[in-house]
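Look for chain A in each of the two complexes below; its partner is chain B in the first and chain C in the second.
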Partner chain A sequence: MNDNDEHMPPAMQQVDWASPQMKARLNRRYWMDRLFRGLGLSAVAAATLFLIVLLGNIIQTGVSGFFQTSIEIDVSFDASILPDPALPRSEFSQAVAQVNMQRILRQALLEKFPDVKARGDVVRLTRLLSSGARSQLRSLVVRSPNIVGTTIPVQLLASDEVDQAVKGNIDVSLPEENRKLKNKEVGWLSLLQSENRVSLNFHPRFITSGDSREPELVGVWGAVVGSALTLLVTLLTAFPIGLAAAIYLEEFAPRNRLTTIIEININNLAAVPSIVFGLLGLAFFLGAVGMARSAPLVGGLTLALLSLPTIIISARAAITAVPQSIRDAARGLGASPMQVAFHHVVPQAMPGILTGTIIGMSRALGESAPLLMIGMVAFIVDVPTGIDDPATVLPVQIFLWADSPERAFIEKTSAAIMVLLFFLISMNGIAIWLRQKFERNW
Partner chain B sequence: MRNFVQKALMGTAAILLLGSLSVRAQDNIRVVGSSTVFPFSTAAAEEFGNSSPFKTPIVEATGTGGGLKLFCAGIGTNFPDVVNASRRIKRIELDVCSNNGVEDVVEVKIGFDGIVLAAAKGAPAMRLRLRDLYLALAAQVPAPGTDGGANNMIENPYKFWSDIDPSLPRIEIAVLGPPPTSGTRDAFNAIAIEGGCRSFEGMLALEKEDPFRFLSLCRSVREDGAYVAAGENDNLIVQKIIGNERAIGIFGYSFLSQNTDILQAYPISAQGGPYLAPTFDAIAEGSYPISRSLFLYAKKAHIGVVPGIQEFIREFISERASGDFGYLLDRGLIPLSEDERSASLASVNGLVSLELN
Partner chain C sequence: MNAVVEPLMATESKPKMSIRDVHVRYGDVHAVKGINLDLYSDKVTALIGPSGCGKSTLLRCLNRMNDTISDCEVRGQIYLDGKDVYASDIDVVQLRARVGMVFQKPNPFPKSIYDNVAYGPRIHGLATDRDALDEIVEASLEKAGLWHEVKDRLDHLGTALSGGQQQRLCIARAIAVNPEVILMDEPCSSLDPIATAKVEALIDELSGRYAIVIVTHSMQQAARVSQKTVFFHLGEMIEYGDTTQIFTAPQQEQTRDYITGRIG
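== the complex of A and B ==
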C-alpha cells in the first residue's frame, strides 16, 4: 500500500471502515472538527470578554458621573439685599437677577464657620461650593419669593474638587502640597460631613443641561439634541438620495462603461477617510454655498455624503436579491417599469435597505473628524433649538471632556459614553422595529 | 409605499431649500485658536455668557496656526471674531490677514503658560539643563568632545539620560510631547531645544555664518522613537506617563496644576541659571526657563457689528478672572503683572491696532 492509497481509496474498492487506517482517518476528522468548534467558541468568548471589560470599565467609572455632591447650608435670605417680594412677579425676578448672590452665599458660609477671617481663606471657603450655587439660589428665590427674610437650609452644589474627594477619587491622606484640596478645606468638609450636611444625589442636570466648563454643571442634553438634529438632516438627505440612486442603478441604468465607472467609484468612496468629507463640506457647504458654521444642517449634510456610499451599496445588494420572477410577473400583468420598481421590488428589498441605512447612520452618529472642519468641535453652552443653531454632537462632547484638565471630567466622559451607547441602541431599536414592520412574506 | 417615497423626497427638497436660505447672521461671538488657551477661553466665555446680556461665545480649539488661518480668511459673520494664540502672531500671518481685508487687528496679552516636563510620582527624580534637553531630543547633536558647528554634527547617539550626563539616572530617553502642529511644540522647540543648542560655542558661530542652517539644526527633534508625538490631547500624555514610569511628558502648566497628586515636575535650568521647578510664582515672574505668553487677537472691523467683543476681551483681564483669586488662575493660567494688565486693558479700551516691525 502506498501513500496515495491511504488518502484516496479507489472509488470501487470496498472500504473497510474497521481497519486501523480508516479509524485513524475518522478520528483525525473528528478531532479537526472539535478543534475548529473550540477555536470558534474561544473567539466568541474572547470578543465577549473584551466587550465586557470595555463596558465594565466605562460603567464603573461613568456611573458616578450621574451623581453629584451637594452641601446643605443654612442661608438667610436677607431682606435688605433681596428685593421686596410684594413686587409684581416680572419686576421681582428682574430685580433678583441684579442681586449679588455671592454675597448672600459668603454670609451663609461665614455664619457656619465664624473663625475664618483671612481673605484667602474666605475665597477658599466659598470655593467649597460650585459657581453654579449662585444661580441655584437665584432660581430658588424667583420660584418662591416668600422665603425673603427667612433663614432656611438649602442643598447647594459642591465644587468639583469637593465632589471628587467625597467620591474617593482624591486621596486626602497624601501630603498637602500634592493635592488641590488643602488641609483647611478637608477640615471644613469633614466638619460638614460629621453634621450630615454632605450628600451624594442623582444629578438630573447632567441629562437636561448643555455644556459647561465646571464639571459639576455639565450636561449632555445640548449634545444629544445636536446629534438628533444632525442625524435627522443626514437621514432625510442620504436615505432618499441613496435609495433613488440604488433603484436607478439596479433597475433602469443601461449596463455600459459609464455605469461601471460610477459603480466602482461608489464602492471606493465607502473607504475614503471621513476627514476628507469634512474638507469637502468646508469647501462646498461653508465656502461655496455660504451656510452657517457649526450648524447641524451643515454637519448633517456632510455626514450624509459620508453615509451615502454605504446606503447605496447595501440598497443595491437588497434590490438585486429580489427574485427576477417577481419583476417578470409584474411586467406580465402590465405594470410599468416604475410600478414594478416601487410596487414590488422596493417593498421587498426594504428590510435590507433599512439595515444598510442603520449601518450608515450608526457610523454617522459616531463621527467627529469631519465635524472638526465645519466647526462643530466647539464649546457651545446653549442647547440648540433648530438645524441652523450652533451645536455639537455626542462624540465631540466626549472628545472635549476627555481633553479637559479637571479630574472630575474623567467620570463625566464615561457617563457621556454611556449616553451615546444608549442613543445608539435606541436608534437601532427603532430601525429594527421599522424593518420588521416593512418585512413582507410572499 | 409611494406615499412614503414622496414624503421622503419632499423632506429632502425642504432640507436643501432651507440650506440655501440659511445664510443668516449668527450673533454669537466666535472664538478659534490654541488648545492651550481653550480651557481659559471657555471658562471666560461661560462666565461672560452668565453675567452679561450677551450670548455665550462659541469657542473652537483649532490650534494656534489653524485658528489664525481661519481668523485671517476674511471679514464677515462667517469668519471668527477672536483668535486665541499660545504664541505671538507672525509677520507672514498678519500679511495674509491684510491681503484678505482684515486690516486692523487688536492684540491683547492675557497671561503666561509654562511648558512642563513631568513624570509619574514614582519615577526617579531628575534635574535637567536646557543643554540636556537639547542633547536628548535634537535630531543632530555636536559630536562628543566638540563644540558643535556645521562640520561636527552627528546623528543623535544618546539612548540613556546617563549617556548625556553621568549624574543623570540610567533610564532610557523616552519623551511624550505634542505633535508639530501644536503651538506648544513650536514654543518648546524655540525655547528649550534652541536654548540648549545655544550653549555650544560652535553653534553660536554657525548662527552668524548661516542663520537658516542654525535654525534647522537647533529646532529639529529626533525621529528615532525617543520623542513620541502623542497628539494634541494633553490628558492623554498625562495618562501615558502615569502608566509608564520611565517616560517623561511635555505639556502645559494647567495640566500639572490639576494633577499635582500624581505627577512630579522636573526642575529646569537655563544656561548657567538655577534649577527651577515650574511653580506658579516662577512662571509668573518669568524665571522658569520654558515659559511663554498667551495672546488674544480681535478684528477691529467686527467690533460693534458682533455685539460684546470688547466686553468679552475685558472679561479675560478683569479682576474676577485674572486678579489675585480669579477663576482663570484656578484653571492654571499664570496672570499678568499689574502693569501688564493695565497695558492690556488700555489696548482693549483704545482698540490699538497691532503693528509688527
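== the complex of A and C ==
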C-alpha cells in the first residue's frame, strides 16, 4: 500500500481477488472460452465432413467412368470381304474404309451364338457391342494388314448398357419391361462372362478423345483443350488490363469524383451475376463485332470481362499493402512515379496480384452460365485446334452430360468433375508455388 | 535565370538553400507559418521543437516530398543555389537526386544490400559499367561506415540487417547519388543508443561535404551533431542561431523553456 491509495475511488481500493464473485466471473469467462472453442471446432468439423462427403460421392461414382467393359470375340477377317493386304498401304487403308465392318461383326457374333436366328434377336445381339467396335476393327486391320484371312480373338468395346450391367449399376432382377437390357441379352452376357470373355479395363479414350453421343465413346480431351484455350485468352486479356488498371488507380490516378465513381463501379461489377456477362458477350462480341460463335476467343473474352473486377480489386489491395515507406525511399532517391511503381511497388505486390489473378482464373475455369449465352454449349466432337474453332469447356461438358438420359452418363459426369477438380487443384498449386517463388526473391 | 537571394546574415558564406517566407497548409491546418532560413553546404542544421511544430513538414518541402499529398499547399520560395525548387521548370526527379533524404524509420528496399545502394546510381545513369557501379557502391558504403560490416554479404537482403545498420545503409543509399543536401527526418528515433552513436558519428563525418538538415527530438543530439539550430513552435520559427549559442545563451524565453525541458 502506498500513499496514492487514499486518492483512489473506494471500489479500486478494496479489490478482493479471492472473493466468490471474482471466482464466478472467472468461471464464466472460462466457460465462454470453452464454448467458443467448441463452436469453432464443430464448424471446422462440419465443413470437413461436407467436403469429404462431396468428394467421396464424386469419386465413388466417377472412378468407374475411367474404366470400360470389353468383350472378347473371335473375329474372322474374311478375305473375301476385306481388301488384299498385298495392296500398297494407302490404297489398302482406303479400301478398308469402304468395308462394311458391321457384317464382319455380325458374322463373328453369330458364330459365337449360332442359335440366334430371329431378325430382332440378331439386332439385339449386335447391340451388345458399342457402335465404336466397327472403327476398332477398322483401325486394327489398317494397323496389321496380315490378319486378313485369319480368325483371332479381339477385345471389343461393349455397349453402355452392357457396361453398366457389368459394373453392377443395372439391377437385372427388375421386371424385364423396366430395363433396357432384356433377359436374352443378360443371358448372352452371362454366357460370355462364364467364358471369361468380359473384362473391365482402364479406358484411355476417356482422357484422349472428344465428345460423342455414345457414353462408352466419350472423352474429356476436347473440353480440356477448349478450357485451356479459353483460359489462355482470358489470362492474356484480363491480366494485363487488370494489372494496368490497378496500378493506374492506386499509383497515378488523382483522387476525385470520377475515380471514386470508377472504383464503386468496379466493386459492383464483381457482384454482377455471371450470366449478365454472357449477355454482354453475346451482344458485343457476337452481335456488334461479329466474331465466330462457340469459339474459345469469344468465350475467353467474355470470361475476361467476368474476372477483370476480381483481378483489379485484389491487385489494388496488394498494391495498397506495400508500405508507404518503400515509395518514400524510392521517391527520395529521385525515382519517377513510373519507376517507383514498376521497380518497387509492383514486384512487392506481385504475390498478392498473382493470387488474385489465379482466383479470378479459377472462377473463370468453373464458369458455365456466360458460355451458354455465346454458344459454347454446342455438341462438338472434334478437339479444337485454335482459338477460333468451335469448342466447349469442362463445366459446360459436365452440364451437357448431366443432362443426357443414358444411365452411363452419370459416371461420366462424375469422372469429368474429377478432371475439372484436378485442373482447379493444379492451378491453385501453381498459384502457391508462384507466391513462394516471388516471396523468396526479395 | 537564377534569382539573387540576399543571405539573412551578412557574416556568413553563401547559403546552399534559402527558405523565404514559406507557408504550408494541409487543408485548414496552417502547419508552417512564414519561415525564413538559410542552409549552408558545410554545416549541419538541426531543426528542433515539440511534436507537430512543422519541422518535418518544412523538411519535406525542401525536396518536394509533399507533392503527392493532395491537400498540401506550399507558399513562398525555397531556393537551391538561387533557383526556386517550386518553379515550373524544375524537374522534381533531378531535385531529389540533388537533395537526398533519410527517413525516420529505416526503409531499405527488400533487395540485396548491393542493389539498395546501386539503385539511385542506376536510375540516374551515374555508372557507365559494372565496375564503375561497384566503385560507387563500395565508396558509399565506406562513407557510411558500413563497408567492413557488409562487404562479404552484399547479396544479402538489406532488410535483414540490424536497425542501426539498416539506417546507415539508407544513408549510404542517399549519398550514392552524390547529393548536395541530405535531409534527415529523425534518423535515430527508432535506434538504440549504440546505433544512434554510430549514426551521429557518421553525420559528423559527412558534415562539411554535404549540407545536412536534421530534424530531431533529442536536445543532446542537436547539440552534439549540429552547428546551426532552429527552434520551432506551433509552425513558427522562434529562434535561429549557432548551436552553441542556442544551447548556452538562448535569446527567447520559449527556447530556454524547451531546451531545459519545461515545455515540449
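The definition used in the following text is that the second predicted complex is superposed on the first by the 427 of 442 C-alpha atoms of A that agree within 3 Å, B and C clash if a C-alpha of one lies under 4 Å from a C-alpha of the other, contacts with A are read in each partner's own complex, and residues count from 1 in each chain.
Keep in mind that, in the parts below, contacts are C-beta pairs under 8 Å (C-beta built on N, C-alpha and C of every residue); 3 or more make two chains touch, one makes a residue touch a chain.
Fair warning: this is a prediction, and the values are worked out from it, not measured in the lab.
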- Task: Consider chain A as the common anchor and indicate whether chain B and chain C clash or fit when overlaid.
- Result: fit
- In the overlay, answer first, second, both or neither for which of chain B and chain C A:S294 touches. first
- Query: Where does A:V123 make contact in the superposed view: on chain B (first), on chain C (second), on both, or on neither?
  - Reply: first
- Message: In the overlaid three-chain picture, which partner chain does A:A45 touch, first (chain B) or second (chain C), both, or neither?
- Response: neither
- chain A as apex of chain B and chain C, Cα-centre angle in degrees (nearest 10): 130
- Considering only the touch criterion stated at the top, classify A:I152 as touching first (chain B), second (chain C), both, or neither. neither
- Message: Looking at A:H343 after the superposition, I want to know if it touches chain B, chain C, both of them or none. Which is it: first, second, both, neither?
- Response: both
- Task: State whether A:I264 touches chain B only (first), chain C only (second), both chains, or neither.
- Result: neither
- Message: Please give the nearest C-alpha separation between chain B and chain C in the three-chain superposition, to the whole Å.
- Response: 14
- Message: Need the overlap of the two footprints on chain A, from chain B and from chain C, as residue ranges.
- Response: 343
- Message: Residue numbers of chain A touching chain B in their complex, please.
- Response: 119-120, 123, 127, 131, 135, 170-171, 174, 177-180, 212-214, 233, 236-237, 239-241, 243-244, 285-286, 289-295, 297, 300-301, 342-343, 346-347, 375, 377-382, 387-388, 390, 400, 402-407
- Task: Write out the stretch or stretches of chain B touching chain A in their complex.
- Result: 1-2, 5, 8-9, 11-12, 14-16, 18-20, 22-24, 26, 28, 30, 35, 38-39, 41-43, 45-47, 49-50, 55-56, 58-61, 78, 121, 232-236, 254-255, 257-261, 325, 327, 330-332
- Note on the structure: Note: in the complex, chain A contacts chain C through residues 254-255, 323, 325-326, 328-336, 339, 343-344, 348, 442
- Task: Over in the complex, which chain C residues touch chain A? Could you list them?
- Result: 63, 65, 68, 70, 93-97, 100-103, 105, 107-111, 119-120, 123-124, 157, 170, 173-174, 177
